[in-house]
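Common to both upcoming complexes is chain A, partnered first by chain B, then by chain C.
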Partner chain A sequence: MKLLLIVGIFSIFCVVLGTDNENARLLASKTILNQFLVEDKDLTVQYDIYNVGASAALDVSLVDNSFPDSDFQLIHGSLGVRWKRIGPSYNVSHVAILRPKKPGYFNFTSAELSYLPSEAATEPQLGYTSAPGEGVIANFKDYDRKFSPHFMDWAAFAIMTLPSLGIPFLLWRSSKSKYDGARAKKSN
Partner chain B sequence: MKLIGAFLALCVYLASGENCQAPQVTSQVYTTSEVHVSTETVVIITFSVQCKNGIKDLNLYAEFDGRNLPASQVIDSDQYQVSFSIDHKKLPAGQYQIRFFDEDLFANLRKAQRSGEDTASIQGLFTIGFSHQGASHGPWIQTEHVAVLSSVLLSYFAYSTRNQLQS
Partner chain C sequence: MSSKPNKKLTKQEEILLQDFSRNVSTKSSALFYGNAFIVSGIPIWLFWRIHQMDLYQSIIFFVVMTLVSTYLVAMAYKNVKFVLKHKIAIKRGDAVSKEVMKKVADDKKMSKQEKEERILWKKNEVADYEATTFSIFYNNAIFLMLVILASVYILKSLSPAINYSLSMGVASGLLALFSTSSK
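What follows is the complex of A and B.
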């Protein structure tokens, strides 16, 4: 009985602590959608922002400074955007396409988020997205060797096998036609 | 009576002044072209809107395939961006249209969505069309398989011809 009472009080305590206050609360994730990270090939970064709070988040800005110009080129989309309002229980997603300039290890770190948690708020709330972690950007040559169709290589191979197949075949053909010609003459 | 009419006209004019009139849209669209580059097909639409009545800083929403996507504004630019990801199979190659709404028109759309009405009839502010070339999985038959197949066929042909000759 006492245990039940303690468990009951504890759970009420947890529920009270767990309920959001009236403010907005944004959770943001950053993911790299690529199956393979390759030098000079598109790198797809997706940012998802979820409002798990009870009210709308205002003046939301997402800025990602973690891709230096020396290592990445921005192809499509933008790394700094803002939304006027993200309603409660809403989510938005944002995608950008980059191209790695160099192969090697790269640590993908978080992007920065700032928003006003309520209409009355004056100070912006700052936050970070999740970080995808370290990734390996493969050399283009290695990727190409593994995945490209190699049409020219196979065509060259076919041409190289032609002598070893073609010469015996032609020899047989010429002797066969001579033999058939001789046989026809003989039977006549 | 005339005064009332003039007042109403003024109200209509002022009210319409808040919304974008005759928008001119320039857009750039990116869609995923290779499956290796992304596990889901991604569509990014970057666009800018010129309103005839010079309104800037619009609050725009896009609607695509039943999904409502708020448009973001690029910081330090007058461009907007809408982006979403969708499963490769759900977006095959083809031509698509994505509708854009301002606040008032979006409220109409939401009302229709909530009441389960057909949303295709709701008027939007403008539409952007794009063509998706499809996320390619690579060539249908890999060249190694073609090489193996042709060598098997060639050896079969040679073997059967030899047997024929020897019989």
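What follows is the complex of A and C.
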């Protein structure tokens, strides 16, 4: 009797799990593609959604409210996107480009995902993407000091050094050629 | 003792003293300090624009190191000039003699002694001029090269203020040190 009860519960459990596997199941990741985060320089965010379920996910909506207008400016793409359908074992990507307005620490949190796991479903399934975590947005000055080629500045420096080097050299050269020339003439 | 031989010796002594003394005239000194000040000021541009040093915040560093560098570079100018002057005087000696003799050949009133004095004076002047200009050129080139090498390659990981102080100090210090060699 007891054994029958255990087997019965176990089989119901399997059926429930099996039923769940027939629905769509989306896994979403959010990644910051930049190696360096710098004030006033483009920041690229990539969202990847994978459907690991057995059926298509419908009315997929991805919304990212974690970039406040006071701290970021949206340059390309959008922070809210919809897909009508993501088939089983399919994946989709979405990219948005932003520009940080201020330097400092920023906690990059998750974006929100909602979708219908099956055609019969009426209530949307809610989820979150992965969160990249805390990042440092560097000061533009420090970044520029380290990475900019400063061509114009070096050119200006070269022009500034020309009088200090050129004038003494030319004066010495004119005197040398005057007396060296005379000496060469004499030896001839 | 008659005054005439004394006068002749005094003039020759004067020229010899000028020749062998490390002291420079006021005009030369002004030239050296002026050039040293200009060349010591040029790296400020480098650090302001390329190393992004704030001009007003770092003004004390700039002023102090420019003055220290001016003094050391001027010292290097004087030392290098002194060493070069003798070498140049030897090299240019014949050419200068010929030029002066050409000018005073027709002047029969001038004694041989006076002609020789003129040649000596002219040699001294030419050697002084060439040694001064070459010393300034040579020291400027070495100084700027050392500053660039130190600031861009050797000390680049340090903060800009320390980088500036050390680059200028090391460059002008080495310049002054090498100029004291007798070669």
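Assume the second predicted complex is superposed on the first by the 156 of 188 C-alpha atoms of A that agree within 3 Å, B and C clash if a C-alpha of one lies under 4 Å from a C-alpha of the other, contacts with A are read in each partner's own complex, and residues count from 1 in each chain.
Simple rule for what comes next: contacts are C-beta pairs under 8 Å (C-beta built on N, C-alpha and C of every residue); 3 or more make two chains touch, one makes a residue touch a chain.
In this text the structure is predicted, and so the values were computed from the model without any measurement.
Q: Touching A:Tyr179, do we find chain B (first), chain C (second), both, or neither?
A: Only chain C is touched by A:Tyr179; chain B is not.
Q: Would you check which partner chain A:Arg145 touches, where first means chain B only, second means chain C only, and both and neither mean what they say?
A: second
Q: Taking the superposition as given, does A:Lys84 touch the first partner, chain B, the second, chain C, both, or neither?
A: It touches chain B, and chain C stays clear.
Q: Looking at A:Ser118 after the superposition, I want to know if it touches chain B, chain C, both of them or none. Which is it: first, second, both, neither?
A: After superposition on chain A, A:Ser118 lies in contact with neither partner.
Q: Check whether A:Trp154 is in contact with chain B, with chain C, with both or with neither, and answer first, second, both or neither.
A: Both partners, chain B and chain C.
Q: Could you tell me if A:Ser164 is touching chain B, chain C, both of them or neither one (first, second, both, neither)?
A: second
Q: Taking the superposition as given, does A:Ser93 touch the first partner, chain B, the second, chain C, both, or neither?
A: It touches chain B, and chain C stays clear.
Q: For A:Gln46, select first, second, both or neither according to whether it touches chain B, chain C, the two together, or no partner.
A: first
Q: From the superposed pair, tell me which chain A residues show up as contacts to chain B and also as contacts to chain C.
A: 150, 154, 157, 165
Q: Which residues, counting only chain A, touch chain B once they are in their complex?
A: The contact residues of chain A facing chain B are 33-36, 38, 41-44, 46, 61-63, 75-78, 80-86, 92-97, 147, 149-151, 154, 157-158, 165.
Q: Could you list, by residue number, the parts of chain C that touch chain A in their complex?
A: My answer: residues 35, 38-39, 42, 45-46, 49-52, 92, 94-96, 98-99, 126, 129-130, 133-134, 136-137, 140-141, 144, 160.
Q: Touching residues of chain B toward chain A in the complex: what are they?
A: 28, 30, 32-40, 42, 44, 46, 59, 69-70, 72-77, 79, 81, 83-85, 138-139, 142-144, 146-147, 154
Q: Touching chain C in the complex: which residues of chain A?
A: 141-142, 144-145, 150, 153-154, 156-157, 160-161, 164-165, 168-169, 171-172, 175-176, 179-180, 182-183, 186
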